[in-house]
Structure formats: structure tokens, C-alpha cells
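To keep things simple, chains are lettered A, B, C and D as they appear, and every chain counts its residues starting from 1.
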Amino acid sequence: MFTQVEKTPAQTEQMSETRLIRYVDALREAFEEEMARDPKVFLFGLDVDDHKGIQGSTIGLQEKFGKDRVFCTPLSEDAMTGVAIGAAIAGYRPIHVHIRMDFMLLCMNQLVNMAAKSHYMYNGQVKVPLVVRTMIGRSWGQGGQHSQALHSMFMHVPGLKVVAPANAHDAKGCMISAIRDNNPVIFIEHRLLYSTEGYVPTKSYEVPLGKARILTEGTDITIVAVSHMVMEALRAKKHLESVGINAEVIDPITLWPLDMETIMQSVKKTGKLLMVDNAWLTCGASSEILTRAMEMCQEEDISIPSLARMGFAPTTCPTTKPLENLFYPDARSIAVKAYQMTQGKKAKTWEPPVSANTEIDAFKGPF
Amino acid sequence: MYDQIITARLYKTMLLIRQIELRIAEIYYTDAIKSPVHLSVGQESIAVGVCDALEKDDIVSNTYRCHATYIAKGGNLFEMMAELYGKATGCAGGKAGSMHLVDIKNGVMGASAVVGTTIPVATGYALAMQNEAKITGKQRVVVALCGDGGTEEGCFYESINFAALRKLPIIFICENNRLAIHTPLEKRWATDQLCERIATFGIKTHKIDDADVFTIRDTMVNALADIRKGSGPIFIECATYRWLEHVGPLDDHKDDYRNTKEYQTWKDNDQILRLGKMLDEKTRIQLEDEVALTLQQIEKFAEESPYPAAEELYTHVYAS
Amino acid sequence: MYDQIITARLYKTMLLIRQIELRIAEIYYTDAIKSPVHLSVGQESIAVGVCDALEKDDIVSNTYRCHATYIAKGGNLFEMMAELYGKATGCAGGKAGSMHLVDIKNGVMGASAVVGTTIPVATGYALAMQNEAKITGKQRVVVALCGDGGTEEGCFYESINFAALRKLPIIFICENNRLAIHTPLEKRWATDQLCERIATFGIKTHKIDDADVFTIRDTMVNALADIRKGSGPIFIECATYRWLEHVGPLDDHKDDYRNTKEYQTWKDNDQILRLGKMLDEKTRIQLEDEVALTLQQIEKFAEESPYPAAEELYTHVYAS
Amino acid sequence: MFTQVEKTPAQTEQMSETRLIRYVDALREAFEEEMARDPKVFLFGLDVDDHKGIQGSTIGLQEKFGKDRVFCTPLSEDAMTGVAIGAAIAGYRPIHVHIRMDFMLLCMNQLVNMAAKSHYMYNGQVKVPLVVRTMIGRSWGQGGQHSQALHSMFMHVPGLKVVAPANAHDAKGCMISAIRDNNPVIFIEHRLLYSTEGYVPTKSYEVPLGKARILTEGTDITIVAVSHMVMEALRAKKHLESVGINAEVIDPITLWPLDMETIMQSVKKTGKLLMVDNAWLTCGASSEILTRAMEMCQEEDISIPSLARMGFAPTTCPTTKPLENLFYPDARSIAVKAYQMTQGKKAKTWEPPVSANTEIDAFKGPF
């Protein structure tokens, strides 16, 4: 399996004991603990109670909590999202699951017109404590309709929170926070992260929404990466080390609200910000983070650092492997970009070695 | 036959709705209400027949045409009027306006300006109540209202299927005025067999053609008894007629997109007139006076209430 | 009874589908096909019974489980196999993969990986054909296929209503294998009265329980004749059984989410076996040889074709 | 009525004769001309054939072109969008209408998963020449669900074009271009623009998609404004003139593809860019334009100009007038912002006079 971090920040930060477990199991623990703690929490969606249990993340939960609290639904994403909202308004804490983020396009109306607006529109009379789990697909020919990462659409809308943890520790801690949060939280998982392992405390803990994490410290450039791109950025950091460049890698974890303070502290130190999104660029998280960085510098009258971004190619995602590989940023392309930013345009070109086999190549399903 | 007490109560509530809405129409030209208003004038018997059968802790979910049900369910009238005026004392502090009246305490769960979208939300509320009843032992019920147009949205069928599948404590009510804005049913429905269709989901259905407030109430009373015993969802289609324009204060029969003869038939069938005649005059006049007084009070309250302060723009974006 | 020519044709096409898919399953472990494959093994009679009745310029729209219909409708087999291999010579140059086979020339309008979403698109295509026929005098027909799961999406009902309202030249076909991934029908449908429900839209419906390829074809022939005369849409529900796992090359009956006895019943009812027995041996062997040869050829073509060049990533984002 | 421009660029640019007509009538002309020209063009959607005819923009079209080419539909936004896509794939050129942009949230799946991707996913075998008309609501208590401007969601998705003309001339010319375009075009109208008048050529013309327009030249600051905000920006320019500041106002017209060249040429001249979006800021058109401006400067090694943005408050839109007024940027707040940008932070405060009655106050419906 692909272990993400040798020394996870989780490990040092938490006082309690930790174990090395998979992202998907960390999620499962969060559900199990929170459902045991709070009878108002329930989990539903297509396939949550079959023998595969959403890649294992829901296995055993129906046996433990019964069919009222863990159940599958018809294929009706729009209404089922409304159902989740209604139950949340009634005081429950639903967790609704979509096995692909692409399918959330079917329930945008409920999420944007209803979930995001109810608390404000009703002037606080109503709360919508809802978690919408959704998975970004990638690799093995998922293609145009099974690979989209649409977080910027949700970041755009006041009233929604958006979180996209990239390791097992944050997956569990953010899920617990999301379940306890009184707002609709779009919880973004990534198919390729599920089998990655990380150190996770044995005791329950929250990872606060709205707080970024510095994954590795560095002095030469700040790389902010989202979701699965965190893994690529950490690999890129290794490449960069081999040529004496010391990158600080930051995972915003929560995409909305954004913790720009942590990012800017780093950028002030390094003078360079490379934002690597796991999504298209236009009107994306990348444009927002770069714009805010620029605005904050102007505000404080400091000179604007070198800013750049990477993300999906501006195309639909193709299925065939050679084109799919080009569609995504990877450790090497990130390293090269960071190299150019630190060495200046005239630096000689550099080709990092080809990466070893990663979770991307290893993935062959199940989908 | 209904006794005088119930008749009086139904009459008063229908009259209250009618008078409040006609007053809204009257003062609309002053621009005190800066909000699109979708009036239910002519359709009152549905809201009243339905809500009179409910208990306070039952829930209704509404469309943007929500004044009637809000009033019938016992929503706070002062807060309603203040909301239309955009005042801080409104049921949503002026943030929601006419299309989104809410009063959770009195079982009005809100209303949406996007047709059909409250139907699944109400269904989810019913799911919560079904679970809740397993602990409390008391089965509260949700009523989800929608127009004939609302039944054309996919989420209507998705909700119906889910509610039937899980036997949820919900009553779906279609207020069928055969119009969506100006477009008649015939241009939107392939056939007129809505109840037959809903029945194929294993749901008991009722079609009420004459807007008779007693029939509606009776149907509701029976439906509620069944649902509280665990029957699962029930569907009621109520024919009705919208007297005024789709949105705004005016009668638009001059616009010639609908039949004035039909209008006359429905006016002759007006349930407020009918019940008024069933009451002794003293009672009737007393009720009318009470309604008139309420009207004055709520209007005064709305007028005199302050507008929200500027900082209110930023409150309640996120719940703490 | 069907004559030998038709029987032979149906047999051959079903066999072709079966063999191509089993071959896909066989070579899947080599990773030559880097794509999720949703095989129709066991369900071939629907695709073949349906498409055999169509003309070349009629159109089918598909779900992600689209190999069978693509083949039955006459989609280019070389381009199909190359597409699965992700090659530049594929029907979509390798960009679409197994879930989105397309061959407009042969009337395969594409397929979606998002359940239900091709149903309205097919309906729109039928609308275009209805208008086109007013000029050409020839009524082409669209066939919209979906699974039992697909009928749970709101857009299914919205499309049905619209198609009935405008009497569109479209046949909706539900391939009812009673499964959505691993979830049985009973956990998704409130009742099993789909045809009854669709009938309330004023649509003629047919329910075929045994997957008999001749019955399916006959039903289609009659339906097409009616539609070409302007009858409006027709709905056909075909029971069937998926032999292999939802996605991927394996038999997953060991996973114990479904009934092996049912599996055996369906295997005994296999239409390929049945029609094979109806043919004289010489014909049968000849057809089998032809199929085997085709298989070899298309596999070779796919293997030998080049992958798309890097710059293909950026082509066809926008149409000029 | 509120005439937008005294000397419209349209007037000088086009050789043909012009007349002063309303935005809504300009649109109607576009439909009428294109439907007469091309029998494949048809127009459908809720209410298109009633006596109000989408504020007048479709009046008379059914009489002229018949019920096959102009017709209303059931309330089924999701499927009707699919129907439009299917007809487009079949070689027709549908124009589908939504009277509120908010309702497009019901058909995001069809637009993003189907319309945007078909051409690419089928490697050019399929084209989707589709126009989706959609209207931004504002004023008179439209509230949270009738006032949204969601263009950034569509800009985010490769395969869609997005256009938001702000005057009668561009409305007609862009509509003609959109109808002739072989891609799905999201055509954004604004309720408050419908009754504004502009000079429109008598002869048919296209306004090319992807080309911005300099509305008024200036030297001190570049103001880029979107949709109805163009009117506010033009009013702001007047305010600024009174204190000797000369603003160049640019309307991008097409939001995707974006004409950054025109914008950057202006910014290079003025050294200041104020982007006024008619939408929320986060992950919006404003972040994209500012980010691109910054990227282009870095690319060309020129110092980064002063960049700022304005847009909707980060809240749901409230209905009550006093709060609604604060929700939107207006001529005065734009002028003040531009003033601060040109005069520096230490400049004394300036309060432009209260604006005269505008189309915003005048609006009381119909909705």
C-alpha cells in the first residue's frame, strides 16, 4: 500500500496513541464513533449497505446501527438530497453519500438553493447540519463523467462549507468535525486516497474546519495542494530536494472557509506560491487562492510574491491512459514548475527522474 | 354535517386569509411591500381544510404561494406582515419576504421559490418524524403542498417513490388550479391521470373536485388517522381556481388566457360565502369584526416596525 | 414461427455480442483495456431483438452498459475494440472508452455514465426527428434504453411526460435486471407497477418477462409501425438477468447478494443456446466461425493501432 | 426609460443605420431574424408562448414560426435541457429559456455532464449547437432564489461558452453569434437591462463571442464590469470625472472564452484594474480575471498593477430593500473604490453624490 507520510503531523500533534490505518478505514471509524455518540446521526445513499460498502467505508454500520440509520436509496440524487436537508432541518444529522462527485450535478438545486440558503433566508430559524460525502474518481478510464472535481462550484456559494482531506488523519478528524458542524458540509474524498495509510489517533478527535496544515516545512517555495494533489506535491518536494530546493507543502484541508493566514505566513517566508489544484483552473480554487494572496499583499503593502497555479488541463478528462496522464499535474511537472519559479526563467532545464509506481498506476478498480 | 364550532373556525380562518390577501393587494400600490406576492385568493379552502385537521406540531411545507397555508397552520400574523414589509420583526427578519414564510414553532417549515423543491425536503422531514416516533411514540405528520406545475418536476416522482418505499408519514397535496403562471394544464400534462399514476406507487389517493372545505377536512382527518397508524403516505389532489394574477395584486381576466365562465363557476362555489351563510348572523359578524381588528393590528405592527440594521446583512450566513 | 434467415441473423448477432464480451472478460487481466467494463452477458436478447427491427437511420441511445446495443445496431466493431484499448482508431479516438460508445453513422448516438441522463437527450433527438419527418416524409425513430435503476431518476418521468405530450417517435426500453449494482429492486421501487404507471401518461406499454428474442423483436416491429404512423411513444419493459458482476469481467455469484437459482433459470433460458438449437448445424457452425474470425480481426486491429498523440488532449474541446 | 449610452460604440462601429431600441426588443429581433434565416433554429421553454412572452422577448414568434418551432414545456428543467441537447445533436439549433438563472441549478447535470462534454468525449463526432437563455433577477424582493448569477460555475467547465451582454446592441449581436455557434452557449440576460435602450443596427450583425469592448476610454484606471454592473460602472465613471479621474470602462461581454488581451492593453495603460462582477467573488469571474492579469504580467515581466474586485456580498441575497441595497456594488461604491485605488490609501475620503433614480429603483415587476 502507499503510505503517505513517514512522520505525519498528526502523530506529533495529537497527544494520544496512533496506529497506521487506511484513509477509508479512518472514515469508517468516524462514522462508527459519531453514530454511537449521537443518535441523530444517520448515513444513507446508494450502495451504502451492500457488501462492498462504499469501498469499505460503511461496512458493518448497518449491522451495528440498524436499517433506520444506515440505508440505501433509489437512484434519485435530487430528491435524496432534499430528503437529507429535510431531515437535517428536523434536527437530525444526515450523512449522504455520492460515489462520484459528477453525480452531485443532479442535486445542485437542493444544495445551492435549499441547503446553502435555509439558515440565512430564515434568519437563523432553521439549521441544516448535513454532510454530503462525495468522491473524486481518477484513473483506469473513468473518463469525462467519473472524474470531475467540482469544489469551486461549492466554494462559490455562501452558506456551504467545503473540505477535502488528503490523508487518513484528516479524513477522520474532518469527518467528525463535519458531522458536528451545524452547516451543510461538502466532504470531498478521492478514490485514489482510500487505500493510502496514515497515522490516526486511537482516541476520537476533531480536525477543525477552516484550518490549513503545513505538511513539510521549507524555505524556498510554498506549494499549496488540494486533495490527491497533496501526494503529488509531497513527491515533488522529494524531487526538489535532490536539487537543493526546499519546498514547504501546505494542505488547506478545508477549501471553504479558507485559511489564508497559514498560507500567507508561509508565502511571506518563501516569497513564492505554487497552487496545485486537483481541478480545472478557470474560476477555480486556484484563482481564488492566488487572488487572495495578491489582495493580502496589497493590503499590507508588501510586494507581490511570485504566484503560479497548476491543475487539470482545460479539457474534458479523456479515458485513454496516455492522454489521461497528460490531463493531470504530477510530481514531475509540479517539481519542474517549482524549479522554474525558484531558479528564474533563465535557469537550465531540469528533468526529475521518472517516479516509481504510485497509487495512480496501481489503481485498477474496483470503481 | 359539521357543527357550528368547526364551521365558524373554518369560516374565520378562510376569511382571515382572504382579507389579509385582499388588504395586501390593496396596499400594494403604495410600495410598502417591495416583494413579489403570489396570492391564494379563491384557493383558501385547501389551506384551511388541510391545516384545520393538523395538530400544532405537525408540519406543512409550502410553495412560494404560501400565505394561505402559513395563516391556516397558525403562523404568527404579525411576523408575517412585518416580513412582507421587509421589517426586522418579520418571521425571517425581512430576509425572506413573501415567498418564504416560515414559523417553525407553529409547524410552518418554510417555502421555496423554486417550484417543486420543497417536496423532497418535506419528505426528509417526514423521514425524521418516522424515526422520532419510534422514540416518542407519537407520530407527527408532514403535509407537502405543491401546485399542478410542481408535479411535473422529476423530484416529485422521486419523492413519491421514496415516501412509498419507506411508508413515510407524509401527505402530498396538489393544489391543482390547472395553471402554471399562464400555461394551462393541457399544454403541460400528457393526461389528467395524476391520481391513477400515484396509486401505482402503492399510495392511497383522493381527488377532490369541488374544493369543498368540509370534504377536504374530512379526507385529511381520515388520512391522518391512517398515517399515524403507519399506513404510509397519502396523496390528495384538490381542484381549485386562482382568482387573481399569478404574481401581483390584480385580477388579470382581461388578459384572456383563461375562461371567465369557469371563473364565475368557481366564484359561485366560493367556500367563504358558503360557510358565511351557514353561520348565524351574529356569529358571522363577530368573526368578521375579529378578522378586521387583527388586520388593523398586524398592519400597524408592520408599519411601525424598524427595518433591519445594516449589519444584519452578514448575520446567519453560517450557523454556529 | 421465424424463418431461418431471421433466426440465423438474431443468433449471429447475439453470439457476436456474447463472444466479444467474453473475450473482453478474458483479456481484461492483461490490462490492455484500462477501462471499467459493464458487460451485458446474459442480456443480449434485448439489444438484438430491439435493434434487429430498426432501420439503419433509426437511433439508439445507451447507458454505460452499451456494448450489446452498439454491436446490435451495427456499430463499427473495429472502432469499438480500438476504443476499449484506448487507441486513436477507436470510435472516439480513445477519449470515451467502454462507457460511451458512439457511432452516429450507424445510429448509435452515444451513452452516458450518469444513470438516466441519456433519456431526455434521446427524447430531444426524437423531437428533432418528428420535425424532420414533416419535411422528409420519413419518420425515423429513436430507441432510448435504460436500466431499472434509470427509471428512478426524475428525468425519466419528465421525459416520459414530454414525449407523451408531444407524441414523439420514441420507444423507451427498460432493461429490467432487477439490480442496480448490488441493490435489488425491492429496496428501490415502492411497487413493481412500472408499466401501469407509464400507461397513465397515455403511453402504450409492453412487459416482456422471458427475454424471448422473437417476442422482443415482434413487439418492436409492431411498435415501430405504430410510431411511424404517428402513434406517439411506446414503452417496453424487458425482464433480464446480468450473468456477471456489475462492472468488471468476473462472475460474482459467490458474493451472495443474489440468487443462484434465479441465475440457473435464466441460464437455462439463454436465447443464444435456444436459437443455436433451432438452426441446422452447418449454418450454426458457419456463423460461429464468422464470429470467431471477426473477433480475431478486431482484436488484432485494436492491438496494432497506435495510441492518440499527446496533442489530441486538446482537440475537440470546442467545435468550430 | 433608462438609456444606457449616449454614444454607443455600436453606433460608431457598425456601418449600417441604427435605431434606439430596448434590450428585450433587440433580443426578439435576433430570434426573429435567425429563425427566418435558418429553419433548424427553434425556441422553447416555460412561458415562451404566453401573452407576456418572456418580458416581450418572444412575443409574436409562435404566430410567425408555428408551434413546432416556438413552444412552452412542462416544468421539467432537467429533462427539457436534455431535450435541447438531443435536438442539437440531431442537427437542430435549439434556444432554451430559463426565466431565472437560479433554475439552471436543476439542469446542471445535463449542461455539464452532457452538453459540455459530448463534442470532446465523442472526439468531434457530435456537436451541440445550443443556446441556453437565462435571466438574472434583481430588486423588488426577488430574494435568495431569484437573484443568483452563476456564470462562474459555467466558466469553470471546458466545453461551454458563457456570454453576458450588457446593452441592446451586444444582446442582439451576441445572440446571433450564439445561435450560429456550434457549441453550447450560456446566454446570460439581466432583468434590469431589459428595458434599457441602445442603438442597434437595422441590418443583421454578429458580435463575435470572445471579444471584449472598451465602452469609454480613460487613462487613470481600468474598470471591468459584468452584465448589469456595466451600467453601475458607467455611472461610477461620471462620478469619477467630477473629481478629475478618468476611468476606462470595459465590458468583457463574453465571459468564456475571455478576451484578456483587450483588458491587459488597458491595464498596461492605466496601471490599475478594478473588476466589478455581478456575482459572488469566491471562485468567481473576478478571481479569474485578476489571476490572469497577474499571470500575464509575470509572463511579460512587467510589474503587477494595482488589482481589486467588487461583487455581491458573501451572503444569500436578502429581500428587504435596505439590506438588498447593501448586497450589491453600486455606482458610488465603485467610484469610491476606484478613487482609493487611484489616489492611494492616504487620500482624503470622498463621498460621491447620491445617484439619481435608476432602473434599479424603478423596477417593480413584472417579474
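In this text, a residue touches a chain if its C-beta (ideal position, glycine included) is under 8 Å from a C-beta of that chain, and two chains touch if they have at least 3 such contacts.
Since the structure is predicted, the reported quantities are computational estimates derived from the model, not experimental observations.
S.K.: Sort the other chains by how far their Cα centres are from that of chain B and give me the top one.
M.R.: Of all the other chains, the one whose centre lies farthest from chain B is C.
S.K.: Could you give the separation in Å between the centres of chain A and chain B, each centre being the mean of its C-alpha atoms?
M.R.: Going by mean C-alpha positions, chain A sits 42 Å from chain B.
S.K.: Cα centroid separation between chain C and chain D, in whole Å?
M.R.: 42
S.K.: Provide the C-alpha centroid distance between chain A and chain D, rounded to the nearest whole angstrom.
M.R.: Spacing between the chain centres: roughly 32 Å.
S.K.: For chain C, give me the residues that contact two or more of the other chains.
M.R.: Touching at least two other chains: 95-96, 100, 112, 114, 152-155, 158, 161-162, 165, 187-189, 317.
S.K.: Among the residues of chain D, which ones contact at least 2 other chains?
M.R.: In chain D, the residues touching two or more other chains are 73-74, 76, 78-79, 102-103, 105-106, 109, 113, 120-121, 143-145, 158-159, 314-316, 318.
S.K.: Pick one for the touching-chains graph, please: line, ring, star, complete, other.
M.R.: complete
S.K.: Could you pull out which chain C residues touch chain A in their complex?
M.R.: Within the complex, chain C contacts chain A at residues 31, 34-36, 86-87, 90, 94-100, 112-116, 149-150, 152-154, 180-183, 187-189, 247-248, 255-257, 307-308, 310, 312-314, 317.
S.K.: Where on chain A is chain D touching in the complex?
M.R.: 78, 102-103, 105-106, 108-109, 112-113, 116-117, 120-121, 143-145, 148, 150, 152-153, 155-159, 256, 280, 282-288, 290-291, 294-295, 298, 304, 306-309, 314-316, 318
S.K.: Which of the residues in chain B end up touching chain A in this complex?
M.R.: The touching residues are 91-93, 95-96, 100, 102, 104, 109-110, 112, 114, 117-129, 131-132, 134, 154-155, 158-159, 161-162, 165, 315-320.
S.K.: Over in the complex, which chain D residues touch chain B? Could you list them?
M.R.: Residues 46-47, 50-52, 72-79, 102-103, 105-106, 140-146, 313-316, 318-323, 326-327, 364-367.
S.K.: Contact residues on chain A for chain B in the complex?
M.R.: Residues in contact with chain B: 42, 68, 73-74, 76, 78-92, 94, 109-110, 113-114, 118-129, 158-159, 161, 182-183.
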